[in-house]
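One structure is given below, encoded as structure tokens.
Labels for the chains are A, B, C and D, by order of writing; each one numbers its residues from 1.
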Amino acid sequence: MTRRYVMEFERPLAELETKLEELRRLDLAQNPELVHEVDELTAEIERLRESTYGTLSAWEKVQVSRHPDRPKTQDYIETLCTDVIELHGDRAFGDDEAIVAALATIGGVRTVVLGHRKGKDTRENIKRNFGMVHPEGFRKAIRAMHLAERFGLPIVTFIDTPGAYPGIEAEERGQAWAIAEALSVLSGVQVPVVCVGIGEGGSGGALAIGFGDRLIMLENSYYSVISPEACASILHKDAGKAAEMAGCLALTAEDLVELGIVDEVVPEPLGGAHRDPGAVMSAVRERVLGALGALAAAEPAAIAERRYERLRRIGVIAGDVG
Amino acid sequence: MSISDWFKARESRRYTALDGDALARAEVPDGVWTKCSACKKIVYDGQLVENVRVCPHCGHHFAMCAAERVDLLADPGTFAEFDSRVSSADPLGFTGAKPYVESLDAAREQCAMPEAVVCGRAEIASHPVVLGVMDFRFIGASMGSAVGEKITRAFETAIAERRAVVLVTSSGGARMQEGMLSLMQMAKTAAAARRLAEERLPYVSVLANPTMGGVTASFAVLADVIFAEPGALVGFAGPRVIEQTIKQHLPKGFQSAEYLLDHGMVDDVVPRGQLTARVGLVLDYLAGGERR
Amino acid sequence: MSISDWFKARESRRYTALDGDALARAEVPDGVWTKCSACKKIVYDGQLVENVRVCPHCGHHFAMCAAERVDLLADPGTFAEFDSRVSSADPLGFTGAKPYVESLDAAREQCAMPEAVVCGRAEIASHPVVLGVMDFRFIGASMGSAVGEKITRAFETAIAERRAVVLVTSSGGARMQEGMLSLMQMAKTAAAARRLAEERLPYVSVLANPTMGGVTASFAVLADVIFAEPGALVGFAGPRVIEQTIKQHLPKGFQSAEYLLDHGMVDDVVPRGQLTARVGLVLDYLAGGERR
Amino acid sequence: MTRRYVMEFERPLAELETKLEELRRLDLAQNPELVHEVDELTAEIERLRESTYGTLSAWEKVQVSRHPDRPKTQDYIETLCTDVIELHGDRAFGDDEAIVAALATIGGVRTVVLGHRKGKDTRENIKRNFGMVHPEGFRKAIRAMHLAERFGLPIVTFIDTPGAYPGIEAEERGQAWAIAEALSVLSGVQVPVVCVGIGEGGSGGALAIGFGDRLIMLENSYYSVISPEACASILHKDAGKAAEMAGCLALTAEDLVELGIVDEVVPEPLGGAHRDPGAVMSAVRERVLGALGALAAAEPAAIAERRYERLRRIGVIAGDVG
């Protein structure tokens, strides 16, 4: 059996699966009494798989969204895009590998693609800082947004970050300033902006490239104002209450459709997108092309105007005009 | 609650206050004092009010409530609040250690105001402005739907009436009890600030202690001119989060207004006593022409 | 001297060349070789021409003359030079170690071209462009009035005819023999590049070895997309000036194309063999629509 | 006698002046034979002063332009401007003290002032890096230019720098990129730009805030593509030939009027601006206000258009259209 990453909530299932593997390695012909046991275990595993993956809680979805084998921005770019030209650097300080900006073609449509970039392995993750962006990364994205607008290219973004990096240098170089500028520019670009939540949507670092004219989310991705762990630490002084907080924060794709923030949800195979990346990516391609198609006809100024109206409606208040 | 109700509710308190149209200094009982958190010396409250809540011994800037801010910045008798009834709902039915509605009620009671920000029309150095001030006492002046909506309307009102915008920020960041509705206010307020800029209307922000997270990373720093108050803590990530992440202690003065000035993030650090004059002068430059 | 005269004058040389409208590869005599300055191995010139002047052993990028650059980048038979007679005067009557006019004559003789830059209309990947290439052999392709004028006209022609601009830069900087007239070309070319940008016409620059001083600090880096060739030295101040100023040795690789990529200054480092395709693809994105 | 800084070409004069001081300290009543000598020396000094300062060579002017007591940007701002609000920082990396950006009022006209900033003493000079700007300084200037344009404020610049700083970090953070961007923005701002050369005009670092709709230079300031010393090092491998090169480079205000680059020259008192700063500054104020007045009526777009035409004409070429 190949070792695979086991999420917390998969553990009971994984243990039974391991046991089954072990049983199967025995010679059943010599141990006929085990045949029945194997059958029973198989049935139990089937039942447990249903109940484990059938309806995931918010916290379980957060775990799936962080699964190391989950398809990442780079996978989407490699699979969905052709004629890719990566654009590097902010032209002022550095090139942040935690964010990718590229000219890329999806289904014949020329676009500018932006995405948070996590690594496949530890080495890559260190280079890419686990998808946690520094100010120069946001400034690279801003540069790409301006380029897209100047040349009428729609923007497609892939959201997958635990959040903007909380470090000394990031603060020193104006993390808040860079994010604010990204929000400002993205809100005003006169080209279509289609966003896809593919994994983690951590706070301001996600939002900096994470809103537009259409927001699509994978079923097990999340998008949240704060990580469930940090929320639990602050409100309960107990990170162990993360699961509970995940439920309170309304951070799942489904919740966010209800709140009017997310437009569509891409279903994932049982267990998560990593169980069948090809199917998920082809569904994403279809949704993105659909969104781009629907937005293609609009006038540049009208696109930005509609995006403003869209943002304008978000929020639930009491009282109102007094 | 309208501004006049609000000031009425506050009448017994010791803050200087703008009551309806008239500036009224509330009576400060003799002998009431505060210990300065910076120099540990005793400061009599009368002295503190006189000195715009700056410690006369060490210059430490105490927190100011929204009414005091308005009083400090607006030309006397010019402030007229709008959107005073916009306040927070509890869209997620959020329950942390205590239910969000309870936190809201407590804050409304404690601060005698319905939300963490007060916005209104005013004049500063005779320039017509929209003035918005945040009050940290109100759930850390975190930005939920109501704060986001009020800030957005502040920009929109300024655009409609060709006014400048002056905002005094102070906030712990996004209001997590409203989940993603709160995060999205960052984009919404940033978009509104951008529209103001496109209209070439001036925007001056004053970063007061503390301004963190989603407020810093959206409308607060999108101003044409950014001032910060001495010693104010300003940044994106909170010091504790950073220390936990990098597993080392932060340098002294990290994320202070002075540190930000050194790192090119703000136009100046302005002591509170000079703030009104400085903002007024900036408006003289950016709002065009002479004072009326 | 027109481009056809120029190519005629070069006929006996060993560079591949664009003659009038037709692409013609000049004969390279057998057995002529060069020692690679990077790996010190022997490279036969025929091999070098085949391999777009990249060392087949170590990948070192040799210098290319203007004609070779045109040949490399323009679709066959599409390049038509303009402003071919614009060349340098000696407005200051400048005399350094030798008179400027003598340096000019020597450069014209050596390079068989009247100035350090060649500009013309062309197609790249079927997109109509203005293509400009600098030739370092010509007084270090320094920018005097003539280079500045030609670059400016390149942008202006592109604006008039709605073409993209592709420039390959290589330069020691401003041409000091023309004094302030030379420095002002930085502002002039930057202004022209800005006009192109305002017209939303694409501009791609390729920084070849070396691109320094006033050329880097003006039009060269104002492109929408900036590529650099592997190993190219690119910067503002020259390495020797910096060493003299800071009184220490420079780190290995300082100011190399790869270093600039690390520091966020260029979009990519592109080996010469992929350059034409890459520039063409960028134009596919920025020049709108499909290839003709 | 107070010690003062003596420029190379002043030395013979300074020596005589010192001698005269010494003579005067003797008791002339007791040494009547010296009275005549004092008279003669005084006359000789007078003659030498005429010939020393009467017509300065290019190289001598370069020395005057670098005189430590020469009035600096900060002096002009303090003397000419009221209601000054300094703007700090590039909002991305740092605040470069080698360049100043400020809202400032000159003779009732609200402007944005930019200037290279040298120090009065060693301590200040170290803080301000001797007026040699890093990329973040140019980026601060760019920010101020945008602010000026947005709010219709004319820009007044004071040029006084040996050049942009040639250092590792400056290159690392894109010195060339910052200068190029400054040139681009300054060429296009739709407000009047009036530049005053008050001291050194060193190459690209000067040019980044050193061209516009009107270029005024003090008589003994210089503006050059390269320092005479560096030019001599490169062309002669001998920095000692700086004086000769200064003559070749056409770097004086007078030369630059002839080349059509400089519009007007402000005369300085004999010996240089430091001999009577007040007079020089009031002359500068008058010239700047005159230029601002002349430019005030123009339409924003027309200003930028005229600036382009102005730049467009600079250069002397052979051959032309072929």
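Couple of notes before you dig in:
Please note the rule applied: a contact is a pair of C-beta atoms (placed from the backbone, for glycine too) under 8 Å apart; a residue touches a chain by one contact, two chains touch by 3 or more.
Note that the structure is a prediction, hence the values are computed from the model and not measured.
With chains reduced to the mean position of their C-alpha atoms, the one farthest from chain B is C. The distance from the centre of chain A to the centre of chain B, each centre being the mean of the chain's C-alpha atoms, comes to 34 Å.
Between chain A and chain D, the centres computed from C-alpha atoms are 55 Å apart. Chain geometry summary: the mean Cα position of chain B and that of chain D are 43 Å apart. In chain D, the residues touching two or more other chains are 91-93, 173-174, 177. Residue positions of chain B touching 2 or more other chains, listed in rising order: 197, 221, 263-265. Viewed as a contact network, the protein chains fit none of the simple shapes, being neither a path, a ring, a star nor fully connected. All chain pairs that touch, listed by label, are A-B, A-C, A-D, B-D, C-D. Chain C contributes residues 197, 200, 202, 221, 224-225, 261-268, 278, 281-282, 284-286, 288 to its touches with chain A in the complex. For chain D in complex with chain B, the touching residues are 83, 85-95, 103, 110, 136, 140, 147, 150-153. Those residues of chain A that touch chain B in the shared complex are 164-168, 170-177, 179-181, 183-188, 203-204, 207, 211, 223-226, 230-231, 234-236, 245, 248-251, 255-256, 259, 261, 307-308, 311-312, 314-322.
Note for the complex: chain A touches chain D at residues 91-93, 135, 139, 173-174, 177-178. The part of chain B that touches chain A in the complex is made up of residues 1-2, 83-89, 91-92, 94-97, 114, 144-146, 148-149, 152, 174-176, 178-188, 190-191, 193-195, 197-198, 213-214, 216-222, 234-238, 241-242, 245-246, 250-251, 254-255, 263-265.
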